[in-house]
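Several structures are given next for inspection.
You will see subunit A twice below: alongside subunit B first, and alongside subunit C after that.
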Partner chain A sequence: MSNVTTMDAPVKVSAPQEKTRRELKAFNGLAHLALIFWAVVTAGPLLWVVLASFKSNTEIFLGEPFALPSTFSLETYLSAWDQAHIGRYFLNSVFVVLVSTAGTMLFGSMAAYVLARYSFVGNRIVYYLFVSGLAFPTFMALGPLFHILKNMGLLNTYHGLIMVYIAYSLPFTIFFLAAFFKTLPHEIDEAATVDGASHTRKFFQIMMPMAKSGLVSITIFNIVGQWNQYLLPLVIMQGQGADQKWVLTQGIANISTQAGYHAEWSTLFAALTLSIIPMIVVYAIFQRQIQAGLTAGAVK
Partner chain B sequence: MQAVDSRPVQAPAPLKTADRSGARRKRDTRTAWLLSLPTLIILIGMLGYPLYRMIVLSFQNMRLRELFSGATPPWAGVDQYAKALTDDVFWGIVARTAAFTVVSVTLSVTAGLGIALLMRRVHAKVRIFMMVAMMFVWALPQLVAAQAFRWLTDSDFGVLNYLFSKVFGDEWLNHSWFVNPWEGWAVITTLVVWAGIPFLAISLSAGLTQVPKELVEAATVDGASSWQTLRNITLPILKPLLTIVTTLSVIWNFGLFTQNWALRDSHPEPVYQTLATYSYTQAFGRSLYSYGSAISVITVLLMLGVMVFYIRQMFKIGEVD
Partner chain C sequence: MRHGKYPFIIGFLAVPVALYAVFVVAAYVQTFQLAFTSWSGFGVIKYVGFENFEKLWNDDLFWKSLRHNGFLLLLLPIATIAIALVFAFLLNVGGGTKGGMTRGVRGSKLYRVIFFFPQLMALAIVAVIFGRVFSSDKSGMLNGLFPDSWQPWLFLADDRWALTCILVVLVWQAVGFYVVLFSAGMGSIGEEIYEAAALDGATKVTLFFRITLPLLWNTIQTGWVYLGIAAFDAFALVNIMTVDRGGPDGATSVLAMMIYRNTFEYSQVGYASALGVVLFFLTLTFAALTLRVTRRDAV
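Presenting the complex of A and B:
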């Protein structure tokens, strides 16, 4: 923060307070307007999707995009869930994301913890090795990844997909958590060492609770990231009987490519809405921690 | 950041004898390696090895025949690279991807920062409303967002044409947004910026809470304008975070795949190809696996070449020392 103190603010006698206050008020009004406008622009497309998901196909094509549907029936949702197999894909996604987020958090927090709190031989090399994964765009390794999974017999399997998800989530997780663990006070963990706590005990009973907000926000980040994945499952979940094992994004893509022939647009919108719901639930539950975690973790 | 980070340097424990702490250090090293081992194995297996294979593959000539028979593909030296580097189509795609990245990152970081700054000044209720709206968009799968935009811009039933025809007249009915590549890319850029802002605004506004109020107040009392306060106090404090999110945005946007892929119905026309979709189409669409790999390698080298400074900065910020 040294750069702040060197700031050479012109020392002026402050202008009459009245004027500043009026200016501030006008500015705040504008700020409110701008933000509300932006919120509408942001939420607009989403509202439109939700609205369209309740409409029948004919209503969608009526040319009145903002008209309310004639009845709010859940029919489109039922048809998406059953006939378009969105229900199956939804559960597949939930399963894959649950397991792979758990794995990512377990491995990631262990690695980040030792990298941040222990100085050991090779520390820096390992850290760079881990976070260099951040610099590589996903699509880059797709071809070889396909072959490796094929050779290992992991193509079109959940554990293959889960392993890949974990691998692609780890670099950012470690990057974020290492920075976070570093900010935690050293005194408590030294006291624990003096009292004879084992490494495992220190990690699970002292560090994990202290790092809770950081852990929660990166967990959410991973859940969102993995729930959103399309490219990786597209490459990995193919082959015989793959359409039984697809994840939600693949199911949605499938409806939209089929839509051209079967005209099931309302189903598509229902599927789109369904895919957003779990994320809303996650946010609703963890909103407070997300805020706290981002605040603490984002800036060391 | 230094001030925040300067916890007292630990004094060496005076009671411990030299060899005991040496033994402890050794044990620590073992534990540390043990705990990083799962991560190490997974990353080497799923990221490192594919990377290595891809580099090898790019020097070979792998086609469908080798894929099915499992035979080692014939070596091709730098043929694949020569093919890509002498191909005007490839360079056109490089330029397009780079231009898109610059425009989209500039727009989204500026807007994200602006929104983060504005959010500090508005009523708490408006702020919560904003947060919720942004969380929704952030949580939206890229593919879903792309599908939504595909429908918004649909030429016959899209909301965009509906609104434009109401405001600007009927010639906008049935307007096709992807005939003119400039319009098409404007749609894609809007989508990417729209979807990218929440992450930026949320993390930057979290970062802004770290700016000490006293400093800002002191500056205001001293007569600094809002602009001066922003430039001399807020931005320097925010700089590490800005570096991180900008670098990440560049990496993400340079690898643009889902959005143009979905908006063009899984068959992007040549003008809508980016390096990622091009590499994918060559490898999986035309079974030119080696050529696709060579394109990927070149892509990453290009990106690392431009970004090396920033990526180093980013790593330094999060570095463990």
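Presenting the complex of A and C:
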């Protein structure tokens, strides 16, 4: 990933270069200092959360945030998993994101493909209708969205939430994938047509495999975006028994409010740790793809 | 072989267009419509002309929230981009020249991996964490780190500093993403340009301002728009982190919070829609202005 060029050309070090070398060393030292500082600022709060999850309330209020806990016990984790339902919220999130990302990718790539490679009346209108969705902030239409779902009986249902996730992910997915499908060569396309492949078959067996790299980036982008969604579930998953169906972000936010009343801070920290650890694991394995996927939108 | 083209096109577009029309287009269209009504969310819809906008004009909380969004809009991009540029530069070019080649500092890959991680976390979870980090007693990470002799800082409970806390959290989360983004941009700047400049005796500072910055301009511009749009949001942070959700005493109220409360707590869907319409035009103006003002000739 880095641009380190390792072609070390042999260079004779002369007197004036000696001076620049010393300056360089000082600069390098400062650079590392600054970078280490930011690494600590980034990782510090997360480490603190993990440490605090093992502490009792008394210990948490003692100060010394980075002191090790006096005893290690997983009790707080059990209570976060059972009583605070983190396990349930986690699985809810997994289920919703799996289905909605799959749906987003299927419908998004279908629409993007047709819009990018077929000319028909109204093509541009449909395309710009989708892309203009990028200009609207989601939260400006909360009220109408809520009432649309209410009238359709979709409030507090997974399929309602999933359909809304898909609908709000389509603009960017189509914008990105349409540009991608446009760049694919036409020769193979034509050859397949000559061989008698149907349009549908061409899409699934030829175009999708060819667009793999773009599909991977945008899939990651959608998984992360939908996993982290907070506003839409907050609007949709309300009503009777909704707390059984909450997704992880909602659940954690709620534990945070509850913890204030019951002074169960360590449970909150355990819940936070449980929600962060899987992300770290996934990130450690796929960090290249994840970085590429999330920045894909900005460096088109 | 064009046989069956239209059935195929319609078949592929039907579901995505239907989903999009019902849940997105209809919702936005209704927002514009409801902005001119006094609808509470129940019962008949009554049109009231521009009444909501008049009310808005005289609403102190609206102007306050707008100022807060403005504060974030101004400082979030500046702070994030400045910090990210410096780190990206250190990571990519900071290692100095060796045989005329510029290179990054050692361990630059590890730094990048660590810096990027907050971007993966949900803003809602970040908000919960920082709500505790900024706790105004000894249980907070920062107050816990301060010496015992200090009075605990109030942070989010202090109306002068609460909004700054929000800004800090937003910057904390965003920097890593832009470090990676700018790094990618810097990576595509040809080695030979740095090489030539270094041979001409250019210092690091000159390299940064005369080569890196101009060549990265397009990426910076995109980043500016993204961060600006994030500054118009900030809902999750305000809703989860702050005292009284927008407090203390309205000190962290933002437009998104007002829209949410008017819709779901004050039964003022009409008024919330008017706020939504204002927000839409603000966002659009901001994006258009940014792209216009910062436009430069391609280098």
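Assume the second predicted complex is superposed on the first by the 230 of 300 C-alpha atoms of A that agree within 3 Å, B and C clash if a C-alpha of one lies under 4 Å from a C-alpha of the other, contacts with A are read in each partner's own complex, and residues count from 1 in each chain.
One rule holds for everything that comes next: contacts are C-beta pairs under 8 Å (C-beta built on N, C-alpha and C of every residue); 3 or more make two chains touch, one makes a residue touch a chain.
Fair warning: this is a prediction, and the values are worked out from it, not measured in the lab.
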item: Partner chain in contact with A:Met210 - subunit B first, subunit C second, else both or neither; value: neither
item: Contacts of A:His199 with subunit B and subunit C, given as first, second, both or neither; value: both
item: First (subunit B), second (subunit C), both or neither touched by A:Val131; value: first
item: Which of subunit B and subunit C A:Ile280 touches, first, second, both or neither; value: both
item: Which of subunit B and subunit C A:Tyr230 touches, first, second, both or neither; value: both
item: Which of subunit B and subunit C A:Ala253 touches, first, second, both or neither; value: both
item: Partner chain in contact with A:Tyr113 - subunit B first, subunit C second, else both or neither; value: both
item: Set intersection of subunit A contacts, subunit C complex versus subunit B complex; value: 1-4, 7, 9-11, 27-28, 31-32, 34-35, 38-39, 41-43, 45-46, 48-49, 52, 60-61, 63, 65-66, 107-108, 110-111, 113-115, 118, 120, 126, 129-130, 133, 135-137, 139-145, 147-148, 163-164, 166-168, 170-171, 174, 199, 224, 227-228, 230-231, 235, 248-249, 252-253, 256, 265, 268, 272, 275-276, 279-280, 283, 287, 291, 294-295, 298-299
item: Parts of subunit A lying in touch with subunit B, wherever the complex brings them together; value: 1-4, 7, 9-15, 27-28, 31-32, 34-36, 38-39, 41-43, 45-46, 48-49, 52, 60-61, 63, 65-66, 106-108, 110-111, 113-116, 118-124, 126-131, 133-145, 147-148, 163-164, 166-168, 170-171, 174-176, 178-179, 182-183, 185-186, 190, 199, 224, 227-228, 230-231, 235, 248-249, 252-253, 256-257, 265, 268, 272, 275-276, 279-280, 282-283, 287, 291, 294-295, 298-300
item: Residues of subunit A that touch subunit C when the two form their complex; value: 1-5, 7-11, 24, 27-28, 31-32, 34-35, 38-39, 41-46, 48-49, 52, 60-66, 107-108, 110-111, 113-115, 118, 120, 126, 129-130, 133, 135-137, 139-148, 163-164, 166-168, 170-171, 174, 193-194, 198-200, 203, 224, 227-231, 235, 248-250, 252-253, 255-256, 265, 268-269, 272, 275-276, 279-280, 283, 287, 290-291, 294-295, 298-299
item: Residue ranges of subunit C touching subunit A (in the complex, touch as defined); value: 1, 4-6, 8-9, 11-13, 15-17, 19-20, 22-28, 30-31, 34, 41, 83, 86-87, 90-92, 94-96, 98-109, 111-125, 127-133, 137-141, 143-145, 148, 172, 175-177, 180-181, 184-187, 191, 204, 219, 222-223, 226, 229, 232-233, 235-236, 239-240, 256, 259-260, 263-264, 269, 272-273, 275-277, 279-280, 283-284, 287
item: Subunit B residues within the subunit A interface of the complex; value: 1-5, 7, 10, 25, 28-29, 31-33, 35-36, 38-40, 42-43, 45-47, 49-54, 57, 67, 115, 118-119, 121-123, 126, 129-131, 133-145, 147-152, 156-159, 162, 194, 197-198, 202-203, 206-207, 209-210, 215, 219-224, 228, 232-233, 236-238, 240-241, 248, 251-252, 254-255, 257-258, 262, 265-266, 276, 279-280, 283-284, 289, 292-293, 296, 299-300, 303-304, 307, 311, 314-315, 317-321
